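Only one structure is covered here, and it is reproduced in the block below.
Each chain gets a letter, A, B, C, D, E and F, in the order it is written, and its residues are counted from 1.
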Amino acid sequence: MYLGDVAWPDLEEYFETESLALVPLGSTEQHGPHLPEATDHLIAEAFAREAADRTGYLCTPTINVGVSPHHKQFHGTMWADAPVFRDYVESITRNLAYHGIDRVIYVNAHGGNVEHLREVGRRLRDDEVLYAIEWMWDESIPDLVDDLFEQNGPHGGPKETSMIQYLDPQLVHEDRLEDARDGGVASVEASETVKHGSRTFFDAADNTENGVLGDQTDATAEKGERLFEAATDQLVQLAEWLAGRDFEDLLPRDHV
Amino acid sequence: MYLGDVAWPDLEEYFETESLALVPLGSTEQHGPHLPEATDHLIAEAFAREAADRTGYLCTPTINVGVSPHHKQFHGTMWADAPVFRDYVESITRNLAYHGIDRVIYVNAHGGNVEHLREVGRRLRDDEVLYAIEWMWDESIPDLVDDLFEQNGPHGGPKETSMIQYLDPQLVHEDRLEDARDGGVASVEASETVKHGSRTFFDAADNTENGVLGDQTDATAEKGERLFEAATDQLVQLAEWLAGRDFEDLLPRDHV
Amino acid sequence: MYLGDVAWPDLEEYFETESLALVPLGSTEQHGPHLPEATDHLIAEAFAREAADRTGYLCTPTINVGVSPHHKQFHGTMWADAPVFRDYVESITRNLAYHGIDRVIYVNAHGGNVEHLREVGRRLRDDEVLYAIEWMWDESIPDLVDDLFEQNGPHGGPKETSMIQYLDPQLVHEDRLEDARDGGVASVEASETVKHGSRTFFDAADNTENGVLGDQTDATAEKGERLFEAATDQLVQLAEWLAGRDFEDLLPRDHV
Amino acid sequence: MYLGDVAWPDLEEYFETESLALVPLGSTEQHGPHLPEATDHLIAEAFAREAADRTGYLCTPTINVGVSPHHKQFHGTMWADAPVFRDYVESITRNLAYHGIDRVIYVNAHGGNVEHLREVGRRLRDDEVLYAIEWMWDESIPDLVDDLFEQNGPHGGPKETSMIQYLDPQLVHEDRLEDARDGGVASVEASETVKHGSRTFFDAADNTENGVLGDQTDATAEKGERLFEAATDQLVQLAEWLAGRDFEDLLPRDHV
Amino acid sequence: MYLGDVAWPDLEEYFETESLALVPLGSTEQHGPHLPEATDHLIAEAFAREAADRTGYLCTPTINVGVSPHHKQFHGTMWADAPVFRDYVESITRNLAYHGIDRVIYVNAHGGNVEHLREVGRRLRDDEVLYAIEWMWDESIPDLVDDLFEQNGPHGGPKETSMIQYLDPQLVHEDRLEDARDGGVASVEASETVKHGSRTFFDAADNTENGVLGDQTDATAEKGERLFEAATDQLVQLAEWLAGRDFEDLLPRDHV
Amino acid sequence: MYLGDVAWPDLEEYFETESLALVPLGSTEQHGPHLPEATDHLIAEAFAREAADRTGYLCTPTINVGVSPHHKQFHGTMWADAPVFRDYVESITRNLAYHGIDRVIYVNAHGGNVEHLREVGRRLRDDEVLYAIEWMWDESIPDLVDDLFEQNGPHGGPKETSMIQYLDPQLVHEDRLEDARDGGVASVEASETVKHGSRTFFDAADNTENGVLGDQTDATAEKGERLFEAATDQLVQLAEWLAGRDFEDLLPRDHV
């Protein structure tokens, strides 16, 4: 069920019988010359809405802007500063508990959000308000990702390109895939900006001229569909697993 | 132009020649038994995207959750606490300045956001970073609103109902319009919760049983269309007026 | 009873039998060429002290500086930034609860404080600490204000001028009333700074050359006395109404 | 000149020729069975207004509530939490700089404010915004205080009692001076709550039953007058000294 | 017992039977031409570790950097801004309560930390989490300090010099003691920066050319040993006194 | 050069010729039944001091307590909440810039600090104050770590055990190594708490009974020495590389 579409009386039964919410989060940031800035939040929303449709769990509207200062040198990247983003997500999530939600899956499609969502999850769990975990679609299907792509990217690479080719093909500039590959770098390692074990870069612009990594010509809509189906399946299973837990078992363990 | 749809190189020309952005903001909150929780952000997004289409100015993705604690007693209302919302909007807006944006219109459809957007606008202007003003669609066409409705609501009343009937009719429960009217109140005044000049209520639930005001049976999609066209026209004019100002003239005046 | 005048043992009986406090708040800011910068806090204090005298309810000392950045271009305007003001008022109010106070009327005479006092009131009520409402004197007697003045101002207009003429006449520059009128504007509307429904101004200096609105020559001490008596009567009634409520009834309603 | 009394045009000359402000701060807190809760802010305001009258320097309205949690066990004590108080004073002071004020004397009569005003002063000086120092009346005349009283208190003792006997005698309960002395303690030392060099107390209530220290029967209005005259003289000299400094000399020294 | 040295299972018995912790805090800041920057944290750690050894109470690792902006003009001084320092110490202390610690002695050797540790102690006590008091070694033995030195300094004077001569003699530049004395000042008073009762200085550099006070040639390791033994004895007694209190008796007293 | 050992005049030359500082950070937290709670900060300090000795670069005192809430269930774990830790490290680092430091290596030995140090580094770099990067010793020598151990842990495993066996052998309980292995888990994966791509654990106690991972019996002091030498060599090279950069090249790149 998508929360945005329904009127409040029609939510009563859900809150009486279920306590799980899927919260999609992405980013609005450069994804190279070939992909739209909405890439991450489109992907997150697609997964969360699909899993909600298949399971009946509640999906909220999407948080479209995330923590993306590392892409700021490229036109149009939007971002919230990290402490502000954490507080915003925490506030929204904490307030969901008012309706009886006690477990949340952050359906996330932006790597830069991960650690912040984990920190928010800790705050809410340590306060015993709510149990919120972060799910990043590609981390649920690492073998398939490895099978499909020589070099998946990650940022703006064939993995994300395939997804948008499948989800919203007219947003992909198919004629720029070679340029995307040739103007970027194959991987972070290829940039040689990790020195003696220390990451000396902070921004995508420290590593790549056009903002992306990997071989975009390796992407197809068919691969996107396989990724989407496989990861949706994982998300569905995660939601069902989570819904089946006792809340007490989700709280922090006692002191030894 | 919608920022979410484009790739970064295609924004270069815009940032070289223009410095205005439209940022849609709404809420996800109860709108009575007949309207969806997304009502406000759907309306805000529709205006911002339409005005952007007509003028060519840049429109960003929508901030879907706003300051709505006053609707919390009704299932599904989402909200960010006010200080957190202000900081989030401020951070996103301030960061837009990195790309050269120096003037923003917050295209808003939720009354509860108004004062917070004004406060953010002050911070940014007093810091001489950027000039951001708040535009609330119905305040741009007060005469038309008065002409069309005996009692416009405001919250969840015929004004907002007409808009959703026009923008996304399948989200309106037409069969509940009478119930919406009969289970709510005609106006805030009718609740008699302003005592001796003091507002003694804080929440919608202090004033109304079902969360809404006004006579919803007075709504039609045709009225919605008239409202949409008229207010879009106002927004277009506002954007053009704003784009035509010198930045210096938008900054605070000097000390007398 | 005025808290500042009494020794602590003489408050014991009050805290045992009553739980209401009147907290006066104003501003220290420009009020045109004819009125003193203390105008707002003098008015707030006068109302709160008078109502306390007539009813026996407790009145605290006055918070003299409020949220007035919009008057900063004029010499002498003092202000606290909005987030800081909210936290200061919240802290003081929250700490009153330590003595058993569970309901507060913010006796306010500065429009710029209103939304901030409402936000503080929400925080305290949602935390179930204390119920605090804002009372603005002129909003309690709108009909009388309309009867007495063609154009009441509001800021530094005949309404406020009459009040100071009555409360502390030597602080009014009677010889400057015509200048005040001629150097200002009749109303915000007259400044034509609301464009297509959007307030494009942030500061008084955006609207008026001398900082004030309305026709100051319309003011008299007699009108001030009528305003003072009428609004004091409203405040007394509000205090008595509030004192008569059960605390439980002042808390937020339950979820539907 | 008292800022609260004047209209903005009459401040223009001051800000053109001077850059000093006196800001009175006190507390609203228990001062034993014999003195009013306003004691500290009455004293601070009296000094600041008198020194302003004698010198022509600008005096602002008073900040009536300070950092007094250590008196909370006694009815009526008001306080702001320390971080909030610091931010409030900082904000007000920082904003004075907008009018050209670059040096401030905090005319203080509450020991509990001292360290916080020092911290605010450091922030403003290190930011090179403004130079603000704290002046506590009794620390300017230690010899006279020692001459006049065996045991000055400090809190609610004969020193403060004498001051209120002089400034506002009807607020002193003369018939309770013996009780004040007999129900309190002679000094903090007498409470024996400093253990092995560590202060083990946090509140006045840890040391004294009625909230005060010293021998209140030693107080007279005549002593109060001598204190007031002597300390006012010190404040006047301090203001004149400070006004004579170059702003550059008030800023932090350079790194060695 | 020193917490840093032990494995977690070996702490179980302590937390079952005791609830006191010693937390050493100092600074890293200039101490003149003759003493190392670590002076304060070396001293604090020495006292805390010694008292822990003698009593069996738990000693934590040391917080090495404190509130020292007033020494910033001299090379190498490190500091945390005061609000940040308070929050850091509060957070660490509050989290100790998770293991059952309910009383803490801040073993402190830096005057600039005192007021901040007191403020943290108040927060924790008022929240009824934990009772934390500050102990400054030299304040526990004022008579001995007075006996041993004409002019003890305080900062970088013979008192601190003697301590380092005893604790870690190779860190003292014995050949610079005369220079230290001759390039500094005898006392704060000698700097004549207290004007009419107001401290007009904020930094050590406002009072002294080389950063130190007192007569360093008056220091010896033997005096250091006497100071160390005497103050350790005081700390041991304080710890035993504190361990013997009921927790209820350490909490704030009830309202009168 | 170790900052804590020297007197301020002896730092003058360093700050005139160099602008790099090594700042060691660790944690104080459980490391299983066999290792001391100080493990991480002992390791960090050892690397930083050794690299400083070999290169002449400045090393500051150690920040002994980090972000370790995930170990709280085990006796003695100390931690600062993440936002507080970030602010503390930021404040100390920012203030180093006052002396001319413009590049910092956080010599870190606690995985839980990594993301926070990265965030602090971003703040300082984006503000163009200072360039601070995080170095984690074991990430500089991944091949050697893989060669030496079947399963390195990481937390409390043979890698860290070897290090303490080498650095401070009497702190290792050699007789508990088998217990450490048998009571813990081989790896995070072995705990099967990553579900469908989502980490469902927040605390070490969610994964392991005794707080540690890996096969501790695989540790020796000789392996510790090899690790220490190899990683020190990496740190020395990193410091020399960093010292050789132009500051301009360390700042964020320009907008494309």
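As a working rule, contacts are C-beta pairs under 8 Å (C-beta built on N, C-alpha and C of every residue); 3 or more make two chains touch, one makes a residue touch a chain.
All values derive from a computational prediction rather than experimental measurement.
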item: Relative to chain C, chain with the most remote C-alpha centre; value: F
item: Equivalent interface positions on chain A and chain F, same or different at half; value: same
item: Reference interface A-B: repeating pair among D-E, A-F or E-F with over half of contacts shared; value: E-F
item: Pair joined by more contacting C-beta pairs (B-C or E-F); value: E-F
item: Chain located farthest away, centre of chain D as origin (C-alpha); value: A
item: Whole-Å separation of chain centres (CA-atom averages), chain D against chain F; value: 48
item: Separation of chain C from chain F, taking each centre as the mean of its C-alpha atoms, in whole Å; value: 56
item: Sites on chain E at which at least two other chains make contact; value: 8, 69, 72, 74-75, 98-99, 255-256
item: Sites on chain F touched by chain A in the complex; value: 69-70, 72-75, 82-83, 105, 115, 118-119, 121-122, 125-126, 133-142, 195-200, 202-203, 205-206, 231, 234-235, 237-238, 241-242, 252-256
item: Chain B residues within the chain A interface of the complex; value: 3-9, 11-12, 14-15, 28, 30-38, 41-42, 60-65, 69, 72, 74-81, 84-85, 87-88, 90-92, 95-96, 98-99, 171, 173, 176, 211
